[in-house]
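Consider the two complexes below, in which chain A is the common component and chain B and chain C are the respective partners.
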Partner chain A sequence: MDIVLNAVQTVFALENLIFLVGGVASGVILGAIPGLSATMGIALIIPFTLTLGPVPALLMMMGAYKGGIYGGSVAAILVKAPGTSAAAATVADGYSLAKKGKGIKALKVSLVASVIGDTFSDIVLILSAAQLARVALEFGAVEYTAVAIVALTIVGSASGKSLIKGIFAAAAGLSVALIGLDPTSGLPRLSFSVIEFYGGLHLLPMLIGLLIMSELIIQMEQVKSVSVAHLPNSTERDDNRITKSDAKLMARPIFGGSIIGTIIGIIPGLGPTLGAFLGYDSAYRFSKKPELFGKGSVEGIAGAESGNNAVSGANLIPLMGLGIPGDIEAAILVGAFLIHGLTPGPLIFQEAPDVVYGIYVGLLFANVALLMIGWTLIPVFVKAAKIRVGLLFPAVFVLSLVGAYSFQQSVFDVGIALVFAAVGYLMAKLHVPKTSFLIGFILATLLEDNFRRSLQLSDGAYSTFFSSSLGNVLWVLALVSVISAILQRKSRRDKKEAMMSNREIETIASNGKV
Partner chain B sequence: MNIKLKKIALSAAIGLAALTSGMAQAETFPEKEVTVVVNYGAGGGTDLSTRSLAEAMEEALGKPLKVVNRSGGSGTVGPTFVAFADNDGYTIGVTSFSPMAVTPHMQDVPYKVDSFRYLGGFARYLTGIAVPADSPYKTTQDLIDAAKSGANIKYGAASSIESVAITRLATAAGVEFKWIRYKSGQEVSTAALSKEVDVIVGDPKEIAPFVKTGEMRAIASASNVRLPGLPDVLTLKEQGFDVATESYAGIAAPAGIDEDKAAILEAAMKEAFKAQSFQDTLTKLGLEPAYFSGAEYQKLIEDGFADMGADLAALGITKK
Partner chain C sequence: MFSNLNRMGNIAAATVLLVVGIVLVQFIFPSQIPEGLEGDISSGQYPKFIMFIWILSAIAWLVSALLGQMDDEGSDEASWITKRSALIIFIVAIGYGVFATVGFLAAGFMLIASLSYVCGERGVGPWVLAAIMPPAVFLFLDFFLDVTLPTILLS
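Entry: the complex of A and B
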């Protein structure tokens, strides 16, 4: 008990509080700016934290991480340009709501879902890090291969109208991810002897081109033709708040998203973007109004945003329980632990319990800080998005270029962003779903690495893929997911056809022709 | 007092360098900020140790050092950037062993060993060999015996150099082990904990904590010295296998830099190496502080490049 009280005291010491709140605020703002990301925020903060004590340093970085994941949804909703890859799943519904004048409602839904997802996974972390961390050890190469396949099946619901185009886009994403070093031999592949290709294409510059810059081009076209300028601002009170019926709708997707995000966080190597897509997918599958998805569904935003934030707390579970970082952000945190003479892992509970409890208390408080800071900033963001389109678009465009460059100070990455701006433009014109492309790209490395490693471990015997019971459960899950996606598509098509034919009959009848 | 003494010693060193050169240009070097290029991402061992070195060098040079990360291409992008930077002394960077002596055998890189004027080495990366705690193989000899009697021993390792370390052992003992490649040291540790592989090769900081928790057993140091935090674990040489593999971190300027400027930078690095804060940081990061002069470091890279060529060819992972 003493140690908890001490931890509370540490966290609420004015200095530490400033770093924590400062971390959350800078995360929200960096995440909200299209092109800058949570990872980048943490990387920027590192040199600054070297001189701090371990608790404030880690709290600042984790605050920035949490803030950044929520912040990413701000630009996704208001400008249709996701600030981070984890916000990609929020774009369609968030922006649709904003177009209807319900931008503030969408932001509030996103914030509340983010904070609940965060809090849920933090509590799971605090109560059971040591036990749950062992779960990560159940995942070997075979299980990861199966997880990647399960995750790929969400292409079924992420593809929108045409499943064929969705599958095509996912395959294209998988293929593009093959550029770089071969994971087994370490030799370069599809690199055309261009040294920058050796490291593979990075998600961030590609995302900036594909989702942000291409979107700007499309919106600029519309500016010319219909002179759309600002998002409408509804004066209806209900359009600017979470109503009782919204809250009812949000409950289930947030619950689902929090659980899914937490599971994704526990398994190292999956990350918040996948948490968002899977949270969105589950919201869609269990929704009573699936037809609203992609056109302004509150449930969709709630599922995606709780899903990605729940990863942030849970990915500390393997870090604290085993010493294994769950994603890039957690790997950066390892460095922060080491520089302060601490080794993350089970021993830290004995060696530095004060740090552990400081982090726990700090994480919970960071969620409160996120809620308060996020809520206060909503009108600011809305106002910022309202500046003249002639200023806003060039500003976002420049920020995108800066973001692509500053990720690893590379002009090559700016080129990548520009190429994918063109690719994204074409995809939008041809109605090829970009999210499917992204899902393919994100999962490719996980799938290929583990598929090939499984075969290496089994000396080439394919039967290895069905040799573990956890793996087999996952295969069944993948199968169920595919079948249910097909059935859902079919039932929606039938409904549509039924509606269509009714309308046709009416039209025909009203025209007086038989 | 101590710091003052150090400063005097350093100004003496710098003064000497300037005197011997007698060149006006070098006397005032550096006049502005010096950029230090790190070839790996922010927050990793190389990044954090270089930042600490840069901080200590700042004190020695009297001008700020700006650390930038140019990661990618298995650590080769950073040295490329340095090799093609202006050789005015204001851009230097990390030329660690792996991108200099190992990767060029596997990929085309736009630089050569002599594209740089080496300023010195500051750390030794150590390599350990470990098995899951309840593994039937308790010692190095057990692994070799098992392989001799037909067992297919699989080892997990993330980098080529770690793979070379255990392959040298296998070759010396006349057996073969199979490499299962992982993306990072953490993945390798996980593979040992989940017993996906029989044995792992890795950084001591990815082994020592798990030995402490009783989940791994370290069976050897593959380096010339024993591992930090594991003083009882013998080196392969001490166990009677005449092999050792080491890797180093060092910094360099582009070739063709004014020799007087290079001498100033080299002296500053030598001085910075002695700083207690730097030594502490290295130890915390699981690296062994080891100083090499510019010339010594160049020899390490040259010899390493030749040795690695043969070893990697034996592993079958060289280009073409």
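Entry: the complex of A and C
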């Protein structure tokens, strides 16, 4: 109990509160700008938290994460350009409401749904992460090897469009992590006599290059002078607030979206976009007014937004319990933990319980902060959504250069960031998922340590990996995730082919009639 | 046209990555991966295990691309290198050179002004931003985060 009270005291210290609220506000603003995202927002914030303690730094980034996911819906509703891919499900109904002069109502519905979804998944996180960590502490080297492989296969098969590319990206991430010192002998490995490589590649410059710079280059090559349509503003009071009937309509989709988003968040690799679309889909299925979907349905916005925000807290369950980041945002948070001398995973509950509880309290308060900031600063977000991106992107690019440099005050790190910007650019063009690559890189230490320890304990016999019953269950899980991904993709392709051949038949038939 | 671009891109990428994987295992690893301590049989095995997955997935990628199974991945980003993207990459490369040799203020000014121009921004806006932002960031980092960005005038 003392530890919880201490955590409350820590979070409510003025300095920490400022960083938390600042993180939420900057996350919403960055998320609201089309082309920027929650991912870029937190990656951009990390370098500016280097001099902070672990609790304020992590609070700021988690605040930015939550704010960023909600912020994506602002641009979706007001300019029909989702600030994040997770907000794509909100576009149809949000923009339709805005066109009817009910933009403020749509923003408020989205905000309330986001906050409730977020809070629900945070509570699940608080209740379950420590239990998962307790189980994980019983794992041996073989089980940990299997857990890492399962996480990589699930992420590899779930993220991106191709299973093969997902698996390749994970292998590439693991192999990049080979650079540095051999963990057993301490001798340099793949360093090519470059002193900077002796310590291995650092996560932060890589994150900045891969997630921010490459994305900015892609955004800049597509930038157009977007003319924002002037949307009407209704003066009717009910059009600018959530009425009682709206609240009644929202309750069920928010409940459904929160549960779905939380489940999606726990499974590595799925992410908030799927949470949003499944939340939207469940709202549609159980709606009494399905005909309104796509034309300005309050239920649609509520389902989608609670679904995508509920992913954010649940995402931290595998991270805190097993040390496995389930998503790209969680991967960035790993970087933040490591920079501040903490390793997320089961041991963190013993080594730094004050930080863990500080994060828990901070996450809950971040939701309150998001509600207050979102409610009062709507006009600011409206402006952010209409900002001139042609000016903004170059400025953010320069900031990301600064971020890469300030980690170790090294020009070499800036070069590394630019190399990974090029890699990220090519990955985007080739549809190779960056999530798998990053999670491969992050899990490399866990995998290598346990893989090698298993082999050392068994005198090099590979059969050791199948000697534990829990390990075997995990191997089966890895196999199932790969097979189900193959089957899923096959059925999707078959459906697409069937649709195309039907269309061809229709075209031939209509030509015949002519 | 897009599916052709996708297929060619995939075939080229998978071939290059397969060759890189083989070169790494055959020629680079023997000199760059340490033997390990006596009795440690795992030093060389782990990197080979990783490269085994690399090579296997590169082969699968190549085969799928040759069979046309990756053609329908979407074509929004398949336009590949346009005049604008080539220009952006060129500017960024020059920007890094300026950052490393002359310093942050010059690099920041050059990057903001030229990238804004490439993004279609005209008028005084980009110039004002390019003149104000880099010094502001420089001072902020110096005063609040104790980070001094490279500037030739200060060395």
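Going forward, the second predicted complex is superposed on the first by the 278 of 514 C-alpha atoms of A that agree within 3 Å, B and C clash if a C-alpha of one lies under 4 Å from a C-alpha of the other, contacts with A are read in each partner's own complex, and residues count from 1 in each chain.
One rule holds in what follows: a contact is a pair of C-beta atoms (placed from the backbone, for glycine too) under 8 Å apart; a residue touches a chain by one contact, two chains touch by 3 or more.
Source: prediction; values computed, not measured.
Student: Kindly classify A:Met220 by the partners it touches after superposition: chain B alone (first), chain C alone (second), both, or neither?
Tutor: second
Student: Output check: A:Leu50 vs chain B and chain C. Expected answer is one of first, second, both, neither. What do you get?
Tutor: Touch status of A:Leu50: both partners.
Student: For A:Ile332, decide between first (touching chain B), second (touching chain C), both and neither.
Tutor: First partner only.
Student: Which partner does A:Val21 reach: the first (chain B), the second (chain C), both, or neither?
Tutor: Neither partner.
Student: Mind working out whether A:Gln456 is in touch with chain B, chain C, both or neither, as first, second, both or neither?
Tutor: In the superposition, A:Gln456 touches chain B and chain C alike.
Student: Contact-wise, after the overlay, does A:Ile263 reach chain B, chain C, both or neither (first, second, both, neither)?
Tutor: So A:Ile263 meets neither chain B nor chain C here.
Student: A:Phe393 contacts which: chain B (first), chain C (second), both, neither?
Tutor: In the superposition, A:Phe393 contacts chain C only.
Student: Between chain B and chain C, whom does A:Gln409 touch in the aligned arrangement: first, second, both, or neither?
Tutor: both
Student: Which one hits more chain A residues, chain B or chain C?
Tutor: Counting contacted residues of chain A, the larger count belongs to C.
Student: Contact-wise, after the overlay, does A:Ser185 reach chain B, chain C, both or neither (first, second, both, neither)?
Tutor: both
Student: Chain A residues touched by both chain B and chain C?
Tutor: In chain A, positions 50, 184-185, 187-188, 409, 456, 459 sit in both the chain B and chain C interfaces.
Student: State the interface residues of chain B toward chain A in the complex, per the touch definition above.
Tutor: 41-45, 47-48, 51, 67-74, 76-77, 80, 106-110, 152, 154, 160, 178, 180-184, 186-187, 189-191, 193-194, 196-197, 205, 209-210, 212-213, 281, 284-286, 317, 319
Student: List the residues on chain A that touch chain B in their complex, please.
Tutor: 42-43, 46-47, 50, 136-141, 181, 183-188, 193, 195-196, 198-199, 268-269, 322-325, 331-336, 338-341, 343, 345-347, 408-410, 449, 453, 456-457, 459
Student: Taking the touch rule as given, give the residues of chain C at its contact with chain A in the complex, in rising order.
Tutor: Residues 9-10, 13, 17, 24, 28, 32-37, 40-43, 45-47, 49-51, 53-54, 57-58, 60-61, 64, 69-70, 72-74, 77-78, 80, 82, 84-85, 88-89, 92-93, 95-96, 99-100, 104, 107-108, 111-112, 115-116, 118-121, 125-126, 129, 133-134, 137, 141, 144-150.
Student: For the complex, give me every residue of chain A touching chain C.
Tutor: 48, 50-51, 161-162, 164-165, 167-168, 170-172, 174-175, 178, 182, 184-185, 187-192, 213, 217-218, 220-221, 223-225, 388-391, 393-395, 397-399, 401-402, 405-406, 409, 411, 414-415, 418, 421-422, 425-426, 428-431, 448, 451-452, 455-456, 459-460, 493, 496
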